[in-house]
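Next come two complexes built around chain A: one with chain B, the other with chain C.
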Partner chain A sequence: MATRLVLTVLVTFLGLLLVTFFIGRVVPTDPVLAAVGDRAPAAVYERVRMELGLHLPLWQQFWIYVQKVVQGDFGTAVLTGKPVLSDIRRVFPATLELATVATLLGLIIGVPMGVFAAVHQNKWIDHVIRVLALFGHSVPVFWLGLVGLLILYAWLGVVAGPGRLDVGYFDVVDTVTGVILVDSVLAGEWEVFGNAFSHIILPAAILGYFSLAYIARMTRSFMLEQLRQEYITTARVKGMAESRVIWRHAFGNILVPLITVIALTYANLLEGSVLTETVFAWPGLGSYLTDALLAADMNAVLGATIIVGTIFIGINLLSDVLYRLVDPRAK
Partner chain B sequence: MKSYATLLAAGTVALGVSALGIQGAALAATPKDTVVIAYAIDDIISLDPGESFEFSGSEAITNMYQRLIAYDPKDVTRLYGQLAETWYVGGDGKTYTFKLRKGVKFHSGNVLTAADAAYSLQRAVILNKSPGFILTQFGFNKDNVKQRIRAVDDSTLVVETAEAVAPTFFYYCMTAVVGGVVDSKEAMKHEKAGDFGNGWLKSEASAGTGPYKLVNWKPKDSFTMIRHEDHWSGDKAKTRRVVVRHIAEPAAQRLLLEKGDIDFARNLGKDDLAAVARNKDIKIQQARKGAVLYISFSQKNPNLAKPEVREALKYLIDYDAIEKNIVQGTYVVHQNFLPQGFLGAISDRPYKLDVAKAKDLLTKAGLPNGFNVTMDTRNNSPTTEIAQAIQGTFAQAGVKLEIIPGDGRQTLTKYRARNHDIYIGRWGPDYQDPHTNAETFAMNEDNGDDAKSKTLAWRNSWNIPQMTAQIKAAVREVDPKKRVAIYEAAQREFLKTSPFAIMFQQIETVAHRANVDGFEMGPSFEDNVYYGIVKK
Partner chain C sequence: MSASASSRPGSRAWLLAETPHSRTQARLGQAYVRWLHFLRNPLAMIGLAIVVALIVIAALAPYLTSHSPFAQDLGNRLQAPSAEHILGTDELGRDVYARLLHGARITLLIVGLVAIIVGPIGLLVGTVAGYLGGWFDTVLMRITDVFLAFPRLILALAFVAALGPGIQNAIIAIAITAWPPYARIARAETLTIRNSDFISAIRLQGAGPLRIILGHVVPLCLSSLIIRITLDMAGIILTAAGLGFLGLGAQPPMPEWGAMISSGRKFLIDHWWVATIPGVAICIVSLGFNLLGDGLRDVLDPKGK
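And now, the complex of A and B:
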């Protein structure tokens, strides 16, 4: 079983790398330009082309890359001049922090919203929740981000502006995990924690709103399906308390599909959100990957792809484990 | 159900209270001893003066490293000694001698000697990264550089070029970032596999004599500098710390500036600038830069190869309307390859929108009903808007312009491979001498596909042996007046016949809080210096 799992993961990774690599090589962008700029003389251009191995056949370039990756060498990112691993170690915690807070917000608010809506189907509360969810699903995040900044930061002053920290708090705590909320707690720097929290709350709330919209809609439809089942009617006929019917019986039975929804939402956020990162000057994985793609910086693209792939596979495995915990039949 | 709802309500209240509770910390203004600059700095690849060739990287390096000589940003014809006290060229026109200042200390505390200056130039030649050609064009290579660039004693540096060139040409090249003097002892201490400390200097530290030293650089996030307390001039930087934050979105820069969370916003667009100009807490500062915006016509296209068509298209651009409606505050009309502020620049402006004249010229070219043509256009602002404006005015004479949008590097890749019809681009000079733009716009030594030198003239397949010879003569002309005369004549010829319609010269516009002053901006990003910035 374990061997099969490892094999599946390996094949998935290899396929992922292969597709990313070849797509990256056929886009009509010259990766040497990212390294030397437009104004470099022909001799420098040629030397860098050779250094990057671009004169070799594609299959050979791929083979060399895979060999290096197996040895733990992801190469150097052209765009930053730093090893890809160190870049990812820097940008991923920023994304992880934002995605986690956003998912928690989405989860805490989205699930009860969905349950409320289902329980009060076709009543005014249901309509309000449905409209809110629809709004969250259709409004551009870029616009919402700027409006949020304008109202909550510029006009009301209840949250901090773009960036992860105010400049006065730069380099106050040592980087341990890279997640400032965690590092500041580890260092006992509560003022830094407060500042980091005031910076993260708005982008996380906006991203969280989008997850919330999806989670609430899905929770509602899962719950509606359960509430129509005969065992619910039986429980009610038996005189069971309504809260017990809803939360223990119906809700208990939607946990498995709900975990999948939440896991996928979280995984999507962990890929990074380019637009949110741009508006909020958040140095995360999304803008790193996009910049790398546009510049055909393949080491960076492939490194980030492996990370994203690992996240997806990891979260899938995690949700499998959770299924077993919540559903006795899966044991 | 109740318990869940109570929990939820409590959680929400706690979240709200904590968010409100931390607002005091969140809304602190920038610290008094720190200047905060919002700037799109994602172009930085390296902070090593021997390697950096990007706008914001060059600006950072200027504040950390000094050159032997520099020019006065207010009058570029005036050169002054930065680390050199005196300098002269020998009678052979090839041997330059620099006498260095005494008592200059690097960020490490090491004392500057001529050996450091020699090492810095040698390493730039041997590393031969992107800006290396600024030095290697004088005949230096890895085999001869140690003989040709040498320290004669602790304070004397001798540089021998391969052939005699205009001394101003050589001096201006020495003012470029690649001429930044590096602390040789520190660089060697951090050398790995013969890289002259490049791996260390590119991202981890600074080893110069400039008013600031690097604290850290987080790519696409920020860089922080702290004052070099032991600066040789005794006139150390006014503000202790400078933090440059990468904020790409102009609207976010504007909000931060209005709230006072940053002191400078460097990338505001036309509308943002107009809005902040009305705010009494904010001031606007401008400087002409060397970059020009142009469109160019590939001579491989038979229609565009006709001289009358080239001229007609130059009459089909509404320069003034584009300046007023699209690029106000960021570009001004300029029609020559030498930007204002350069030796030999002229301000002739013969072209304006004249559809009738353009139609006449097209008729003469045998194209009375116009023709179809494509333009590769980078999908950013203001390039796209300018392209659309040009599309509109071209159409008035029957020229149907199809805009092909693409990412910057995609369009550039196509342009470099000479696969375009028309290209809209931006060009920034590599150093402050007129040869930098003259070479690329008006020289094409070999128009073959495998040419060694692929200038902008080459990219547009413009075969110009005569003008090439003229520009080559200019760079060898020792008499500055005669040199200027050659460039002036070349520009007038270029205006008339070239397949380039130079349209605008960049203006850098910076918005800053009114209580902050003293940011010096020059014609190049290498002239933007922080040391005089004061906060009241």
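And now, the complex of A and C:
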């Protein structure tokens, strides 16, 4: 079973590289021209072509590409002039911070909402969850971000604007983890923490909204399934307090599938963060990807795509493994 | 079709006959019963109304406004909504209402083309993989796995980056990233049908795989595919709008809704209507497709109940 799992992951990863290789090498007009410009003499053109390994057969080129990627060599980003991997390492903490706060918000609100909806089935809370989910499937995240900025920042002034910090707070705390909320706590700079929090709360709430709807729905259906079981009846017959029946007995049993749901929503946030980061000028992976896209910087685009895809595969694998570890029936 | 039939006296009884006399009568009767069921679902009707409205607006866009979506009037830029410009003007003095109406054409074009490309590909890949099985099935399903392992928007972004910005390339990129779920659904349906008695009967009569797949398996997979595509329309609209917003989809001066939000963004704080109004249009249309898809699922998919 374990070998099968590893094999599946490896094949998926290779497929991912095949897709990015295809995009990078076969689709664009001419990578050599892109590197040397169209006025380069024929000799230079030929030399660069050899350097890029483009005279080799495609499968050999792909093999070289795989070796490079595995070693963490995604090439140099034209935009920054630095290796793509070091660029991504620099911007990734911002995205991690945003996605984590968003997931926490989705969890803190979504899970109790789902449990409450399961206990009070077909009451108003059920409709609220349905409407939230329907609206979440219909609204463009970037538009919601703009409207949020307009109302909460420009009109009401209750949150801070785009970016991670106000200009006055730049470089006040040392970068340890790259996550400002953590770094400011480590440095004991509560003012910086407050400012960072005021910046992150709106984009995180908007991203978190999309996971909230999903988490609430899944929690509800998991809980409904548990509450139908006989052991719940037994617990109630024994005279156990209802809150203990729900939170201790039923809720305890949905934790395992819930972990899978949370992992999947976390992975999905990476996707939502591309547009959200653009709207909020949040200097993370999403902004990096869009900047690279607009500059047609293919090394950076494909590097970021591979990283996001790998995280996706990794999270899926992790939730799979976790599921097997925690639930004895899954073996 | 069935609505006009019901207006004639006697046709209703013909449609609802307990024992139909021909195959056509049985089929029309079934469609009529489903239509009646659909009519009883108010949310689905709202969805249908929104989608029909979108089609009508797209078809009649030039007749619904006297303004051109492209005519610039720099003396009247960023005007607030007024009697002359009911939704105001944008940064080049173009009428936002006219641009919104013409934008419906682009939205419909994207959604329609993606559905036309993706539906048949998913259907064919899924049914062939499911019916033939073996290594062919394994390879095709591995390929869909790879596509499903990606966040869809990011893969579409990478394709657009390689193909170059533009509405055609956006449609191609969305189509490339959208087909795997349909192949999955068609395959799952095929697997349940493949071993049923009627397929064995047809095979014993000497029908080849092609005839069985196209003539007998594909029609049975259609309804679940149509449901899924309708439900996915909202996602396609949102992805296309996202690409437009990032400047990678429809290019100026095309009145694409995502691109309109993007260009209005610079004037958000003082002239909020320029950026927010196209977003409302996107929300309404996506909502319409979602409601319609939910309604279709109730009617067409007896297992979903």
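Going forward, the second predicted complex is superposed on the first by the 225 of 331 C-alpha atoms of A that agree within 3 Å, B and C clash if a C-alpha of one lies under 4 Å from a C-alpha of the other, contacts with A are read in each partner's own complex, and residues count from 1 in each chain.
What we mean here is this: contacts are C-beta pairs under 8 Å (C-beta built on N, C-alpha and C of every residue); 3 or more make two chains touch, one makes a residue touch a chain.
Keep in mind that what you see is a predicted model, and the values were worked out from it rather than measured.
Contacts of A:A42 after superposition on the shared chain: chain B is touched, whereas chain C is not. In the superposition on chain A, A:A160 makes contact with chain B only, not with chain C.
By the document's definition of touching, both partners, chain B and chain C, reach A:L150.
In the overlay built on the shared chain, the residue A:A296 is in contact with chain B and with chain C.
When the shared chain is aligned, chain C comes close enough to touch A:G15, but chain B does not. In the superposed model, A:F312 lies in contact with chain C only, and not with chain B.
In the superposed model, A:V131 lies in contact with neither chain B nor chain C.
When the shared chain is aligned, no partner comes close enough to touch A:V326: not chain B, not chain C.
Contacts of A:I23 after superposition on the shared chain: chain C is touched, whereas chain B is not.
Ranking chain B and chain C by residues of chain A touched puts B first.
Note: residues 27-28, 146, 149-150, 154, 278-279, 294, 296 of chain A belong to the chain B contact set and to the chain C contact set alike, using the contact criterion stated above. The part of chain A that touches chain B in the complex is made up of residues 27-30, 33-44, 47, 78-82, 87, 90-91, 108-109, 112, 146, 149-150, 153-154, 157-163, 166-168, 170-171, 191, 194-195, 197-199, 201, 242-243, 246-247, 278-281, 283, 287-288, 291, 294-296. Residue ranges on chain A touching chain C, taken from their complex, read 8, 11-12, 15-16, 18-20, 23-24, 27-28, 134-135, 137-143, 146-147, 149-150, 154, 267-268, 270-271, 274-275, 278-279, 289-290, 292-294, 296, 298, 301-302, 304-305, 308-309, 312-313, 316. Those residues of chain C that touch chain A in the complex are listed here as 142-143, 145-147, 149-155, 157-164, 234-235, 238, 241-242, 245-248, 258, 261, 265, 268-269, 272, 275-276, 279, 282-283, 286-287, 290-291. Only residues 1-2, 4-5, 8, 11-12, 15, 18-23, 25-28, 30-31, 34, 36, 42, 45-46, 53-54, 128-130, 132-133, 202-203, 215-216, 218-222, 224, 243, 245-249, 251-252, 255-256, 258-259, 261, 407-410, 412-414, 416, 430, 452-454 of chain B touch chain A when the two sit together in their complex.
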